[in-house]
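Shared chain: chain A. Partners: chain B in the first complex, chain C in the second.
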Partner chain A sequence: MLGRRQKREKWILLAPALAVLALITLIPLANTLWLSFTDTRISALPEPVHFIGLENYVYALTDPDFQEALFRTLYFTIVSVGLEGVLGVAVAVLLNQEFRGRTLLRALIILPWAVPTIVNAVAWRLIYHPDYGALNSLLFQLGIISDYRSWIGDPATAMNMVILADVWKNFPLVAYVALAALQTVPEDLSKAAAIEGAGPWKRFCSITLPWIAGPLMVVMVLRTIEAFRVFDIIYVMTGGGPADSTKTASFYVYQEYFNYLRSGSGASYAVLVAGISAVLIVFYYSVTKRQTAGGAA
Partner chain B sequence: MRRSLVQSILLYGCALLLAAFTAGPLLWLAVMSISAPTDLTEVPLRWIPSQLDFSRYAALLSLDGGNGERFLSALRNSILTAGGATAAALLLAIPAAYAFSRRQASMVLLFAFLATIMMPPITYVLPLYSTFSSLGLLNHTVTLIIVYTAMLLPFATWLMKANIDVLPVEVEQAAFMEGAGTAYTIRQVVLPLALPAIAATAMLSFLVAWDEFFYALIFTNDLSAKTLPVAIADFSAGRVTDYGVIASVGVLATLPPAILAIAFQKFIVSGLVAGSVKG
Partner chain C sequence: MNTFGKMILGSAFATLAMTTTALADTTLNALFMSQAAYSEDDIKSMTAKFEEANPGITVALEFVPYEALHDKIIAAAGAGDDGYDVVLFDVIWPAEFATRGFLQDVTGRIPADYTDKVFDGAWTTVEYDGKRYGMPWILDTKYLFYNTDMLEEAGISAPPKTWAELAEQAKQIKDKGIVEFPLVWSWSQSEAMICDFTTLTAANDGTFFEEGQPAFTAGGAKDAVAFMKATLDEGLTNPSSREYFEEDVRRVFSNGEAAFALNWTYMNALANDPKESKVAGKVKVAPAPGVEGKSTASSVNGSMGLGIPANSPHADEAWAYISFLTQKDVQDDFAKLSLPIWKASYSEPKVVEGQEDLIAAAKESIAVMYPRPLVPSYTEVSDILQKNIHQVLLGQASVDEALEAAASRVKRIR
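Our next item is the complex of A and B:
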């Protein structure tokens, strides 16, 4: 039983952290919510602010540009995280085999994770350069393409090229989680299946994958939450272009705020984005809980 | 189980492919940074530099000349910002973690901590911008330190909590028996035992702050506060015509996290895995 003194102490210990989080996250969140019901604009001179109810939301929800931005974000998130999952598991399976150089390779794949997001974006932008980029040169010299392409200057390919850069940076996290889980797969389980005549692919699907599914799910949902708010890499690589083909939801809100200076309307988009994030976060909570409960059993 | 020749070839082939995919972009960035400018604009590219050119590094690391000044002040700001925020976050996270670990603070509250950093920053940014603007705090390192402290705090609290959980509670109880207060016990008993955990938490926090771009982009606007990620974005978007300069800045900004990541790999990987799986 906790004494009353200890109970009071608990809150004293938590108070500084709670105060900072309230100031920097909770109050701004409430403030954004309030702004979303007003017609506030960013301006040097104070302007009268009107409460306009749900007007911003009615506009936002019927705004085809915003819907497209949401779909683009969804595409980015699903394809990025999906590829990171497949590549991460494949890499983990590879790094779980015994071969010479394995330790080195395991160490090597931490590098993309360590590269700052902005450096990653800048590096790939150089690699994709339409005239002097390494990708064009490599594919040309290998005879795969006959003409140089404008990889991120073409609306048809831009988003996929951004995704490739994102996957390169983020697959190591999934790979490390999957590898850690793979190392706990009991060997006799796999051996028993092999004796019963199950091939490697069947063994992978019926034993390995279910065994690592829990932790894998958790890290993929975490990556989904991160991918959904993508901004940095877009800002540097394409600036949302060409022809808005990489303009994601966060970028859309950013422009509404800082290019068009419509803070009221921008806030309503922000709240909608936050709402989707909140659903993902609650989902993350439930899979984490299931995971820890399962791990304890 | 013995592998057949085909299996071996397949295995080593995949390993090589993975190594190339992982190291390729980084190697190329490094090569660009020391290639002569004319090598970088050949079509198709010259992969091996005709001569080694370290002049960009020399220019970036000296204060004369615009690029060097831009780079060095951004480096200073990044070190101050990430270092200050890491210290502040730990200072707040340790007592909070103790409350979660030993004073039965609710796990739902801990998850609420974590939820604040999972929200897109776009949800917080405008009110923060208005507040800092009216307080005259835009474009100050200390502003970024405050915001980053809130950003690092939840994860630091969670990581410290998990580490305090596994410390033997008996030592603390003995201290309490002797009449020691909680603050004294945390300082004298818990902290020394948790030192490796604190180091790991500090390192991961520093790397997260080092990487941050969005807030820095919006809250800073000149040499006095811009951090490296913002400076790099400027270099990349600006009038720099020599791509080698951009590559050199990228290499320099990557070195500190890359060295930390390689040197403390076990630490970092286990922290990441635990952090992403157990939430």
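Our next item is the complex of A and C:
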């Protein structure tokens, strides 16, 4: 138990950190919330600001384009993070094996993640280029396609192509976290299970996966939050096109703010995107809790 | 310390000394684009000349893609003294910038006799509500470029005068197997596509708004979209056009992969430059065609101006720089990638020589330059049109459906 004095000391020691936290998150958050209930516009002239209640939210949520964008964002998030999870764990398991050149490969695998998003996006845009892109050239020479085609200019493929670029960039993060967790899996557990007659797949599912579930969840939550507010990679690769087929929810925040100069309305879109991310986090949190509880039992 | 080390140290001190003296004078922050019109090199040489003539003023140049220009200007408006002093802005923004107070009113700074000496289309670029918010600088429109070899090979003696004729000629060229897709355009979901759409709308005598209400669902604007779609359906237009910007158009055309292309002035010099183009010397330029009974040529006002942001603390120096860049002599010296705003320039030998066909086309095109909607919510109107027209081009919606959808969305603008 902490004594009275110790309690006070605790708060004094925490104060600087709390002050910084308030300054960089709470105040902007409160400001954004307030903005979202007003008709504020970006202007160099003094303009009256009115409190308009939920009008911005009603406008956003009744916009069929924005509704579509929300589903599109959800699709991006689920497919992108899902693939990153599967690929990340698979690569981690591979890198956890003993083989020649493992250290080199471990170092190489982090490279995509070290590439800045914008650079990655520009590089993939070139790879997908309809006339001189490497993807067309590769598939053509392998005889898989008979004609060069448009990848990010075709609404049927554009979103999946962007997802591929995003997965390539971000799976190393998942792989690294999974690899770190894998190294803590006690070998005797696996050996004991093997003696009991459990095959490799069974051993992976009932021993390895539950053991690394905690850290894996953390990185998946992080990736989910990032993926749901995806903007930069799409802005550079497709600008939201063709015909809005890659326009995600964050585009509306940007568009309302900087293109249409409606900061009040833009704030409401930002709050909506953040709110949905929060729902996803709570969902993950409850899953993780159940997992941990199950693991302990 | 070795000699090399001394050299480095020496130059470091020299740089330091230079920075210190520069700080005592005025540094102007200027924002330009690196896309079409004047090249970065052009702007750097003009600026060097200005700095030479105006000791005490240094100009820090920043180049961004066109797509980032609008947002940069807005974002810097809140930067106080650290924002820009000179910005390049597009013909479609003055309405918005003026109503929000982002640009300084410079009406009083412009000499009265300039009004008659500069083309009206250029003035449209900087005017809103009877005031001027900058000085026009780039007088540009989309021209029709054609590959003379390909036309000759197809037995075509003269470039098309109408869009229907253009489609016919393209079909002949395609049928003879000279090139797979004779037409190339900048039809990505972007402002570039709206410029082509506006050119075609102007040719078909269409309008965007009538009495504040969307009027693009019928008439010339509808015909324009229908024409765009038809050239895709008939295999005349390169299908990749739907993800091209101006630079892609230039590259495809310069590679000899298209017979016709619609693009800005700057392509004339570059497509005829052997270092940049495989078809140098085989490229001619004409005004964009018209439509029989409606127009003889068509043209979009794609001009740009230079203005002073409201928060610039160096308005006088900024104006000196703008006056320098926009003066006739300077524009005449750099008339290859962008044409001057001054009427008299078009008979100057140094402007005309070597690009006689461009100047002839310009005289015709500038006279019929058609503006995009001059409304404060233009950016949003354009975004809506871009999405819906793109859906037509991709075969996701019919012309009627798409334009009706765009109109009802435009009515929802707040």
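The working rule: the second predicted complex is superposed on the first by the 250 of 297 C-alpha atoms of A that agree within 3 Å, B and C clash if a C-alpha of one lies under 4 Å from a C-alpha of the other, contacts with A are read in each partner's own complex, and residues count from 1 in each chain.
By definition in this document, a residue touches a chain if its C-beta (ideal position, glycine included) is under 8 Å from a C-beta of that chain, and two chains touch if they have at least 3 such contacts.
Keep in mind it's a predicted model, so treat the numbers as computed, not measured.
When the two structures are aligned on the shared chain, A:Q183 is found in touch with neither chain B nor chain C. Judged by the touch definition given at the top, the superposed model places A:N31 against chain B, while chain C stays out of reach. Contacts of A:D131 after superposition on the shared chain: both chain B and chain C are touched.
In the superposition on chain A, A:W168 makes contact with chain B only, not with chain C.
By the document's definition of touching, neither partner reaches A:S286: not chain B, not chain C.
Shared-chain residue A:A243: touches chain C; no touch with chain B. By the touch criterion stated above, A:R41 is placed in contact with chain C alone, chain B being left untouched.
Of the two partner chains placed around the shared chain by superposition, neither chain B nor chain C is touched by A:S206. In the superposition on chain A, A:L13 makes contact with chain B only, not with chain C.
When the two complexes are superposed, the chain touching more residues of chain A, out of chain B and chain C, is B.
Once both structures are placed on chain A, chain A residues 42, 131, 258 are touched by chain B and, in the other complex, by chain C. The part of chain B that touches chain A in the complex is made up of residues 11-12, 14-15, 18-19, 21-23, 25-26, 28-29, 32, 40-45, 47, 91-93, 95-96, 98-99, 103-105, 109, 111, 113, 115-116, 118-128, 130-131, 146-147, 149-151, 153-154, 157, 182, 207, 210-211, 213-214, 217-218, 228-229, 232-233, 235-237, 243, 246-247, 250, 253-254, 257-258, 260-262, 265, 268-269, 272-273, 276-279. Those residues of chain A that touch chain C in the complex are listed here as 41-45, 59, 63, 65, 130-131, 150, 152-155, 239-244, 255, 258-262, 265.
Note for the complex: chain C touches chain A at residues 67, 70-71, 74-75, 77-78, 96, 100-102, 188-190, 239-240, 242-243, 252, 310-311, 377, 379-380, 383, 387, 390-391, 394, 396, 409, 412, 414. Chain A contributes residues 2, 6-7, 9-11, 13-14, 16-18, 20-21, 23-29, 31-32, 35, 42, 91, 94, 97, 99, 101-102, 105, 107-119, 121-127, 129, 131-132, 134, 136-137, 140-141, 148, 168, 173, 176-177, 180, 215, 218-219, 222, 225, 228-229, 231-232, 235-236, 250, 253-254, 257-258, 263, 266-267, 270-271, 273-274, 277-278, 280-281, 284-285, 288, 291-292 to its touches with chain B in the complex.
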